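In what comes next, chain A is part of two complexes: it sits with chain B in the first one and with chain C in the second one.
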Partner chain A sequence: MGTDAVVLGAGTAGMVAALRLAAAGASVLVLAEGEGGLPLAPAQIDVLGYRPQLVLDPLGELAGFLESRPDHPYQLVEAGEVGASLDWFLELSAPLGYTGSPRLNRLQPTGLGALRPTCLVPETMAAGDLSDGGSVLVVGLRGFRDFHAPLLAENLALAHPPSGAEVRARAVEVSLPGDPRDLRPQLLVRRLEERGVLAELGREIRSRLEQEDLVGVPAVLGLESSHEVWQGLQELVGRPVFEIPTPPPSQPGQRLQQHLFRALRRLGGEVRLGARAAGYRARGDRLVAVKVVTAAREVEIPADHFVLATGGIGTGGITAGPDGELREEVFGARVSRGGAPEQPLVEYMATQPLDRVGVEVDEEQRPLGGGGGALFENLWAAGAALAGAEPWREKSGEGISLATGFRAARLAGGARA
Partner chain B sequence: MTELAWGAEAWSEVRASLDRCIKCTVCETACPVAAVTELFPGPKTVGPQAERFRTGGHSPDLSVDYCSGCGICSRVCPQGVRIAELNSRARSELKRERGVPLRDQLVARPGLLGRFGRPVAPLFNRAMANSLVRWAGERTIGIHRRAPVPRSTTRTFSHWVGHHAGTKSARRVVYFHGCSTQWYEPHVGQKVTAILEHNGYQVIIPKQDCCGLPLQSNGLFPAARKAVTRLARQLVPDATGDLPVISSSTSCGLMLKREAREILGADSPELRSVSARTYDIFEFLRELHQRGELRTDFKPVPLTVAYHAPCQQQNQLIGKPALEILRLIPGLRLVELDRSCCGIAGTYGVKREKYEIAMRVGKPLFTDIQAEGPDLVACDSETCRWQISAATGATSVHPLEILHRAYGGS
Partner chain C sequence: MNTLDTDVLVIGGGSTGAGVAWDSALRGLHVTLVDRQDFATGTSGRFHGLLHSGGRYAVKDPGSARECAAENRILRQVAADCIEDTGGLFVSTPEDDLEYADRFLAAARAAGMEVEEVPVGTALRDEPRLNPKIRRAFRVQDGSIDSWKMVSALLRGAEAHAATVLPYHKVVEVLRHGDRVEGAVMEDQRTGQEVRVHAGCVVNAAGAWSGQVARLAGCEVGVRPGKGVMVAINHRLARAVLNRCHLPSDGDIIVPVRTVSVIGTTDHPVADPDDTECSPEEVHQMIEAGELLVPGFREARALRVWAGSRPLLPKTGGSAGAGDREVSRSHTVLDHGARDGLEGLVTIAGGKFTTLRLMAEDTVDVVVRKLGRGSECRTRTEVLPGSESRHFYWIGNRQQEAETDPPDDPLICECELVSQHDLDTVVARRPTWRLDDIRRALRVGMGPCQGGFCAFRVAGMLHQEGRYGRAEANSALREFVQERWKGVKVISWGAQARQTRLDRWIFEGLYDLEHLPE
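Presenting the complex of A and B:
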């Protein structure tokens, strides 16, 4: 009943490490203060989108990108392992129909109508790659406030994919049966799982179609039965339909999170939410247990291997004090600015001092202590906890989490054998 | 060691957690009530968002009353905002402002109902099974006619305790059995006692009253505070000041562990002491097993059992120890049900205006149970067991009843 591996953090990196360890036969416990970034993010898998110019072949251009970024977390991972982690993800997420290639970025519309480079997308978004242009009917739902079809369509019509092809877009707004005053996403996504509601929506969209080849809708096409809802809507409309990400909450993100949580459960692992890690116990250079705050008291959870995937400043894995002091919350690992400037810059959109903050690690992804050596021989870090990346600028977040989570599990697994 | 705050300090920590809300809406996506009704806009909307309008004791609207108090929002929040705790307070303020209906006063006092039902248990049970009586109950006091109600028993648990010889041992625990064991399911307490005695423990069962949880969830905070403080005193009889306190009721256990401190702001030396050493029965047995002290002389139990971890068990943040222990039993086919909430949330789902919501919340769970068709459903919480049985027709038991059977019990 002992735990082989404890993973701190239930975002992409933590879940990847946990799933890989569990698949290798380890008993795995994921501890997290709450749900991670998965239910908020669009569930598109970015690998590398800008360097700063637009990247078309993420794996092919990775080496060139890294030449100017000696502190980047991709430096830890060989290109082969980045590819292997993406192949593994494609296989794992086959039930959600993920598609794409790490050798070719797609250009998918954002909720504001920009074209964004990304690598892998679920089936419900697959038809939304506008690299070669297209004519899109953007469908808004009356009363759903997280999606502005006219704004989106106008911006989309201004987009210029590098192929030189034209993007045309037109917005319509349609009503669902019933009171449209305030369609909250958590209710809307379930309503569309009702056959009658979907049929009405399909008929309404079809009647508004003109010359468009594609139909873009807000990403609310069902939770548990998104495949059926998406497929059903395509049949009703008679055109390829694709989802466009909304501001949080993200329904595609929730689908992916549920999928990963269930996959881990099937492998005998457990995700324990609400359980904040508050410290640790070590013997020499070996980590023995993490301390977790339960409802009544702090308890120790012993394990052989530990993965730190608590994220960076955005998720509380690292905190910045009022005096500017940066601290990794659980182990007090050494925090680095990842090559970002020490002082704020006044230049618009420049890299700022906290943009690349994360823990510093050795070549084996082990967080460093104050002395410069690895803190513990059996603690590995992965994902946004690592210093040196600017995922929102580079469009690299999921790729880093996948590759370093994958590698952390391999290194921990190697230590197991 | 993380020091837990008590009294006014505990509440100010809860309130201060508001500032950490980044409006990410994770809580709204996980809320089982907001997913099924427009009457409840979601934990963020009625909590961190509405809280700034609640100065001077006024509530901006009544929707917080539709929060079931399952606590899932606090558990999934990545920023540590105590959403459910804040909303529980807001609900009690609302009740203070507008008054608490007679129905809520009644369901908040299981001991009162138990005492009233016991002498006439067969009659009481027949009446509760009578559709005309239930219809009248719905029309007059607002308890839904199809809502699950427990069966009263003529012999209370304390009656059994009075006749139970027990065993003497140097290893002792205090048993906090709660109201449902006392008035409705004394067999649960008997089996807890048998399991602990089988593992070499002397079980001390002091006279005890309600923990105040139903009072709290119906907004009656002063009475709830009084109840839990009294209970803590009752659970510390002579020379038991450092013994583990074992609970077989998950929500009442959580009351002692955390809610008395974080929601009620209750505080007393006995409460602090009891709170820190309260264990869920399976949490305790798992610790025994980790130390190699749990007896594993199990007989095969050739059954398919579907296990549902109730919300208030999950809110103890101890994982699913019942599953870990039941997995040790040979011959048992265990199915882990992968749903968050059965809908009942204590007394929420028995109320006329909330019954349908509770049933919609529980529907995915009920559907899974019916598809699985297990011999038994195991669930650690009594009200959830009653809800599951009423909704699915399946026989539901406390998981320790399976363990008891594996130890050779009947």
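Presenting the complex of A and C:
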């Protein structure tokens, strides 16, 4: 039996496209060299956070933002479809308790204590929206090197949400029972899944609470059983508890990744990791198969429809050479700088030459070839592979992946019908 | 205003100034050493890291070659902990004149270097990555030398002999009384406070900046800053220092330094020694040059780029208007009393890191004569703090240490195996550290991740320990990402571009550093 759709890339964009295609009845195979951004990312779904001023209503302000960004990937998608993709995601990720609305950004503390706009968050972070102020006890864990509660709390106490409400924050450091040594996140997560350890931590936090009405902890509240760990801790502490993102690897990111993988499997789809696409076979303007390298063996995988969701510079979907040449690795699709300057600027916090690099596509999200027309009629691109965005600055990463992955599946599905 | 009295005021805390401080202190003089920044942040912290055998100068500048050969031998005895005994090879690539190789061998012997020709097959066996088309190979006593360790050992040694060292103290005024220099006024770069130092003798060891300092005293020193670019690659591509056997030119040396290799360098006259920008063209020139010594060099991942300014002095002694004369790599001690009728000021200019000890000896000989005090030079035999065991530094040491580190001493930098304890030790030594100074001292953030992970850890820990205030920690991080960008922006390709993207996500996406309060 042939495969209806092959999706290249197992990041958010690829998984969204795969899930949508599978839900519509297609047989789907996801091929990915690695895992992409998901297991590293905090799994907060950004849509638009800065334009460059703070955005409160992402969908409402999208059109205004796009006026100054003709090359932005959101240009491809109607605001209505962005909203639809987020609604779909909220439903899909209900088991992780995702909440939020694309009409209203939340302001959640970062690991350094900045108040950062984002749209949808899992239940374990839900209480961390400080748009209307709040008083937070920030809890550090002794020996955990990737979370520094005092600096976080001091910065957070200076945050000014636009509502004018006051944010207060105080840091405490607690020890986990047992071994106080170097706590890598992977270890920490497992320890917190032990009942006794969690109880001890809960008691300790409770005893340190003063006036605070919220408790912020590093995002290490379990992997498989995060609901139980988070819920358990809230009960023990007697206050709403929320996770604050830590640097990679990210537990919330891995939870979301596992969830998406499982959801696809339930729909009969398959994810094959360690499979690098390194070429293709085409007939005329139809793509027939991709060539995939697994464990030093090259195989051809034929399908009717293909989605290119290989990410950009960050995951190797696009590479930059020492002489400045840019290459989309699988199809040699046309790559654009998305309006970024040619030469690096001195100031780091500015748009740099490779920041907006991605493939160029037509209105239907089909990558362009050298001639300027679509490379293949049955290949669509989505996510960080698209040119024109600076998602880390404008806070739009997962939103772009969701909207364009969602749309790529619709376009491919339309072509299928 | 604070006022201090001292015998010798040394301006500049690079290798030269630190050497002068150590030498003077051993002769029983009271020394005060100042630098406008942290130590070894001028050219000494931006150099190639080669402990010269002398081979580079053998044909063109035999005097320098002889000095290097002799000083190399001495430093191996007194500063072993700062040196990696890599050895070195001079090889004739297909583009190099074979006749030069004969001249090289003769000149090297004449300069007193230990040198032997080795069969090409042997060289290739020892250095499998070396260009298989090389036609001749000579083994020499090159090494690699850690600037930060060296300067810090010299200063610790001087401090043990009552020296005062003041980082972040910029000389803003030279105190003159008629035809005599009597000291200087420093401005503390962190607090803005002024400090006045009265000295029996002032030594201008400001390297490429020594012209600027001399001008404060009202005289001219014609140093001409010559900028050189270096690129670090994320592997140790060779065991030994690899040199092309030809007349010295650009990009013809690869120095293995700890876990990385550094290729360099260039030489462009610049007006301002603080001009250390590197252009993409310069970087490509280095990468292409590396290809000739080590085929496949292009594919290696470039980690960081930097440049330093040579303090070159025209052979005439740098009097104004010396013109375009041949510039010497050897050093010169300028006695401004004899030269300009201005007593109490001595400038030491030119030279090399490798010859820092000799430069200091020559300088302090003049100082002692002027002060009419001070004993004989002892730096030939006095072993520096940290080098008592006389064991050379070896990368394996660090790995062994890390494996036997107490388990409750967590690593804060996996790339360079730096532990919490290392951080505490270094910070305890001097309380006013910038993140970038710590990076240099511990090599935190110098490995493949270039600080993406550990910069936040270090800032957070120092804040937690009360060493950084909140705003200081924030600005330290901002400064760190900015400083690092300077080092990677012209090598953003391949794996480095991926790393840069990940860092974008971490510092801006995850922490939102851009919107953090001041």
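The rule we apply is simple: the second predicted complex is superposed on the first by the 414 of 417 C-alpha atoms of A that agree within 3 Å, B and C clash if a C-alpha of one lies under 4 Å from a C-alpha of the other, contacts with A are read in each partner's own complex, and residues count from 1 in each chain.
We take it that a contact is a pair of C-beta atoms (placed from the backbone, for glycine too) under 8 Å apart; a residue touches a chain by one contact, two chains touch by 3 or more.
In this text the structure is predicted, and so the values were computed from the model without any measurement.
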Request  = With the two complexes superposed on chain A, say which partner A:G316 touches: chain B (first), chain C (second), both, or neither.
outcome  = both
Ask   = Where does A:P150 make contact in the superposed view: on chain B (first), on chain C (second), on both, or on neither?
value = second
Query = In the superposed arrangement, does A:E166 touch chain B (first), chain C (second), both or neither?
reply = neither
Task = Tell me which of chain B and chain C touches more residues of chain A.
result = C
Message = According to the stated criteria, A:P248 is in contact with first (chain B), second (chain C), both, or neither; which is it?
response = both
Key: Contacts of A:L40 with chain B and chain C, given as first, second, both or neither   = both
Task = Using the superposition on chain A described above, determine whether A:G274 touches chain B (first), chain C (second), both, or neither.
result = first
Inquiry  = By the touch definition at the top of the document, which applies to A:R393: first (chain B), second (chain C), both, or neither?
reply    = second
Message = Quick one: is A:E364 in contact with chain B, with chain C, with both, or with neither? Answer first, second, both or neither.
response = neither
Key: Common interface residues of chain A - those touching chain B in one complex and chain C in the other   = 40, 248, 315-316
Ask   = Where on chain C does chain A make contact in their complex?
value = 280, 284, 287, 298, 407-408, 410-412, 453, 456-457, 459-461, 463-464, 470, 473-474, 477, 481-482, 484-486, 489-494, 497-498, 500-502, 504-506, 508-517
Task = Give every residue of chain B touching chain A within the complex, in rising order.
result = 1-2, 4, 24-26, 28-31, 34-36, 38, 41-42, 74-80, 254, 256-258, 275-276, 278, 286, 289-290, 314-320, 324, 336, 338
Query = Once bound in the complex, which stretches of chain A touch chain C?
reply = 37, 40-42, 50, 110-116, 143, 145-148, 150-151, 154-155, 158-159, 180-182, 245, 247-248, 312-316, 319-324, 343-344, 346-349, 352-355, 391-393, 395, 397
Ask   = Which of the residues in chain A end up touching chain B in this complex?
value = 1-2, 29, 32-36, 39-40, 184-187, 190, 248-249, 254, 262, 265, 270, 272-276, 278-279, 291-299, 315-316
